[in-house]
Amino acid sequence: MSAQVSAAPAASFGRKALDPRIELLSWILLVLAMVSVPLWGSVYAVYMACLIAINVIATVGLNITVGYAGLLSIGHSAFLGVGAYASALMWLHLGTPLAFNLVVGAVSAFAVGLVFGIPALRIKGVYLAIATLAAQYSLYFVFQQWTSVTGGDRGLSLPKIDVFGYGDTGFYYVVAFVALVATLAARNLFRTRIGRSFIAVREKDYAAQVLGINVVVTKLVAFGIGAAYAGVAGALLAAFLRIVNPDQFTLVSSVFFLAAVVVGGRGSILGSILGALFMTMMPDLLREVIAHFSSEGADLASLLSPVREIAFGLLIVLFLIFEPRGLVGFVDRALGRAENVEARQEH
Amino acid sequence: MNLFLEFSLIGLASGGIYVLAALSFVIVYKATNIFNFATGEMMMFGTYFFYLFDTQLGFGWVAGLGMGLVSAALLALAIERTMLRPLLGRPHIVLVMVTFGVGSILRGFAGLFWGPNVRQLPEILPRKPIFLGDILVPGKLAWGFVTVGVIAGLFMLYYRYSRAGTAIRATSIDQVTAESLGINIRAVFLLAWALAGLLTAASGIITASVNGVTPQLGLVALNVLAVVMLAGMTSVGGVVIAGLFVGWMETIVGAYLGAAWQSFIPYLVVLVVMFVKPSGLFGEQRVERI
Amino acid sequence: MATDILDVAGVNVAFGGIRALSDVSLRVPERSVTAVIGPNGAGKTTLFNVISGFYRAQSGNVMFAGADLLSQPAHTRSGVGISRTFQNIALFPGMTVAENIKLGAHAQLRANLFSAMLYLGSAASEERAIERRIDETVMTLLGLEEFRDSSVSGLPYGTQKRIELARALISQPRLLMLDEPFAGLPTAEKAKMAGQIRKVVAETSVTVLLIDHDMESIMNMSDQVVVLNFGQVIAAGTPGKVQADPAVIEAYLGAEE
């Protein structure tokens, strides 16, 4: 799988553009890889592919906020939660179709994002980080305490979704399609004035103003899009796992997505894909490692959760210190695009 | 009315806990310009150090306290030296992300070493309640408050009058000028982190002396951030007032509206400060030149 | 007599207790080149930043084409036809030369969030149109073709200055504000830069307001020179008139430069 994906679009910004033909070929390979998973993969492979696709959506969103616009959001999972609960509630109470619920998830996460983003983004500096941390804690609290709506700690259980009578495979294709559309949309965004304005605001906000960019509005949009992507991912996650509860949307899961962005490569769509792929495989890998090193009968599950926190944190720190371009840096080097690696100034 | 006074005293006493952690945050921010999102986890880890030396290794609380504080300071130094020093000159967002990552690492190690369950600390602070007239204040809370007061007082004297404190203050005003005056910036950074380690550990130990310690102790960080923001990020004196105020308000709201509402106070403070006065109550307004 | 496109009247700015601009007034006639000179710290960049909307004037007015500027936020300048460059070159190092220049036309492009994400129809065609316009106008005018798709970081200083000028020109501004266009350039490039600026003025309807220290370039290319010293206008007029002004001579001899 990794072979196909590493050939995926290097539509990242700020380097010499890839030859359009190579880029198109990469997208086609990516689509073929995605389409073929259920043909050769086990049930588990399809399950993982679903999870990866959902995480790609959320990671692309966070990368728009953190990587492209340079705004630090450390409560990304809270917005997945908003999308998950909103879509689950629509489904349970109004029986609306999945496509509609995805839109509801996106819109509600966007709206809740603005509640926390508006006060913070009027100000310079790291205030958004504090506001998103506040979002993390307070939304968790709402999910947990507003029992009459959210079901409290037990959460909400959802009926199985059957897409065109194809069961899990059908659902996988839905998720894969949404992930592809979301990724392409993000890539398109950065071919236009909107995407350029995000980067301009990140790099020199005063110069951006001179060029007619409203800095506050731009930051809000960049943060809101990130939250909306999280909302879509959350809505898909709810439909996928068929359960929504507060413990899916904790700080650890926000660290997970931040790690995905940093490990993959900030300000890169390809990086978001690689990062989400890597990070989704990570817990399984850790489980293997722990099982290998721990004594017989040790409680693996109770070890896994702290080890995950250590691993996520370490990945963020080590990549920022040693490979700030993330896995995309490796790819660039492997493809001999060294000038991109060297010429690119970090943001 | 008596009840209100009692709640107020309890609130002020619990606000004291925020003061030390907030001071640690401010000292790092002032000296290094780094927004330390690992403050809460440093607090938690320092507490476990104390637990390790006192209870697990059986050194007793006096030696355990000393070793715990020293270990906490060493940990802070190690964080600065190995994870933040290599990033000097890199964009600000990178440094902040690293502190966030460090927080996750510390939470993970605490969970790995000490597990998710509550560990009780030895009884150092007297349990006997204090009566002020006919108002009762729980003993640990009262003595904890006194301890916080002493530590905060000592810290402020050090900060204001020692050579090192002056160096930190000079650095916070203008790094380049401070360096040209012969101040060793790197030493200032290390010192600020060491002090932060001591302050967070002290604040964690006092907090945990009431309810014990879990890896989740660091989640009090948002309350601390609320205090810091209310004070205005850079004001050492402001932190004391803001800390007491937030503690007081939490207890009053908790007492009269219920515990659920109490948990919303820090978010509310954060949002209101951002909306109304981003520079906080005592923060400085800086003119940015282009 | 041409009408004045920019009218700065009685502007006062203070930082803390320090007066940066006191009662500064100047008029910039349409389709002219007006230079603001003065010793370091005279308030030239402060004046630019007031016009750009970065600093708030305590009192005074700035009218552009008959409309009040100071009540409008900084990001509206581009839309009404004012663009500028910066003393320390404010390019975006994470983007290519072409992308940097495209940003100059940000206010004229129309793509919204949804059309941008779809990238069909209007969003795609306006991108192609702006690329074509960049290639046909500023790229050739300023000789930047060979750098089109390189990242701006790492390019020579003089090239970066021309890229910034290209970015300021692509929006076809009515007023072009240049903050030290000659600073740091070797003599040959200074003449080239001056020639390019004059060419733009001749070929388009742009008005230029510039700041610099380079007397020779300024006196050769400007229609009007305004001299600032300690935040006050001490002389204004044609280059010849200003050069002969005793107050100007004193200001320059008295200053470090």
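Think of it as A, B and C in the order they're written, each chain with its own count starting at 1.
The rule is simple: contacts are C-beta pairs under 8 Å (C-beta built on N, C-alpha and C of every residue); 3 or more make two chains touch, one makes a residue touch a chain.
Treat the numbers as computed from the prediction; the structure is a model and nothing was measured.
Chemist: Could you tell me which chain's Cα centre is nearest to the average position of every protein Cα atom shown?
Modeler: Per-chain C-alpha centroids compared to the overall one single out A.
Chemist: Considering only mean CA positions as chain centres, point out the chain farthest from chain C.
Modeler: So the chain farthest away from chain C turns out to be B.
Chemist: Centre to centre, by mean C-alpha position, how many angstrom separate chain A and chain C?
Modeler: 41
Chemist: How many angstrom between the C-alpha centroids of chain C and chain B?
Modeler: 48
Chemist: Nearest whole angstrom, what separates the Cα centre of chain A from the Cα centre of chain B?
Modeler: 32
Chemist: Note the residues in chain C that touch 2 or more other chains, in rising order.
Modeler: Residues 54, 86 of chain C touch two or more partner chains.
Chemist: Got the chain A residues that touch at least 2 other chains?
Modeler: Residues 206, 347.
Chemist: For chain B, which residues are shared contacts with two or more other chains?
Modeler: Answer for chain B, listing residues that touch two or more other chains: 290.
Chemist: Under the stated contact criterion, what part of chain B meets chain A in this complex?
Modeler: 35, 37, 83, 86-87, 90-94, 96-98, 100-112, 115-116, 215, 219, 221-222, 225, 229, 260, 263-264, 266-267, 270-271, 274-275, 278, 290
Chemist: For the complex, give me every residue of chain C touching chain A.
Modeler: Answer in residue numbers: 52-54, 73-79, 83-84, 86, 90-96, 99, 102-107, 109, 111-113, 116-119, 123, 127, 149-151, 153-154, 167, 171.
Chemist: Considering the complex alone, what residue numbers of chain A touch chain C?
Modeler: 13-17, 185-186, 188-189, 191-197, 199-200, 202-204, 206-215, 221, 225, 267, 340, 343-345, 347
Chemist: Which residues of chain A touch chain B in their complex?
Modeler: 66, 70, 72, 74, 116, 119-120, 122-123, 125-127, 129-131, 133-134, 137-138, 141, 145, 206, 251-252, 255, 258-259, 262, 302-303, 305-317, 320-321, 324, 346-347
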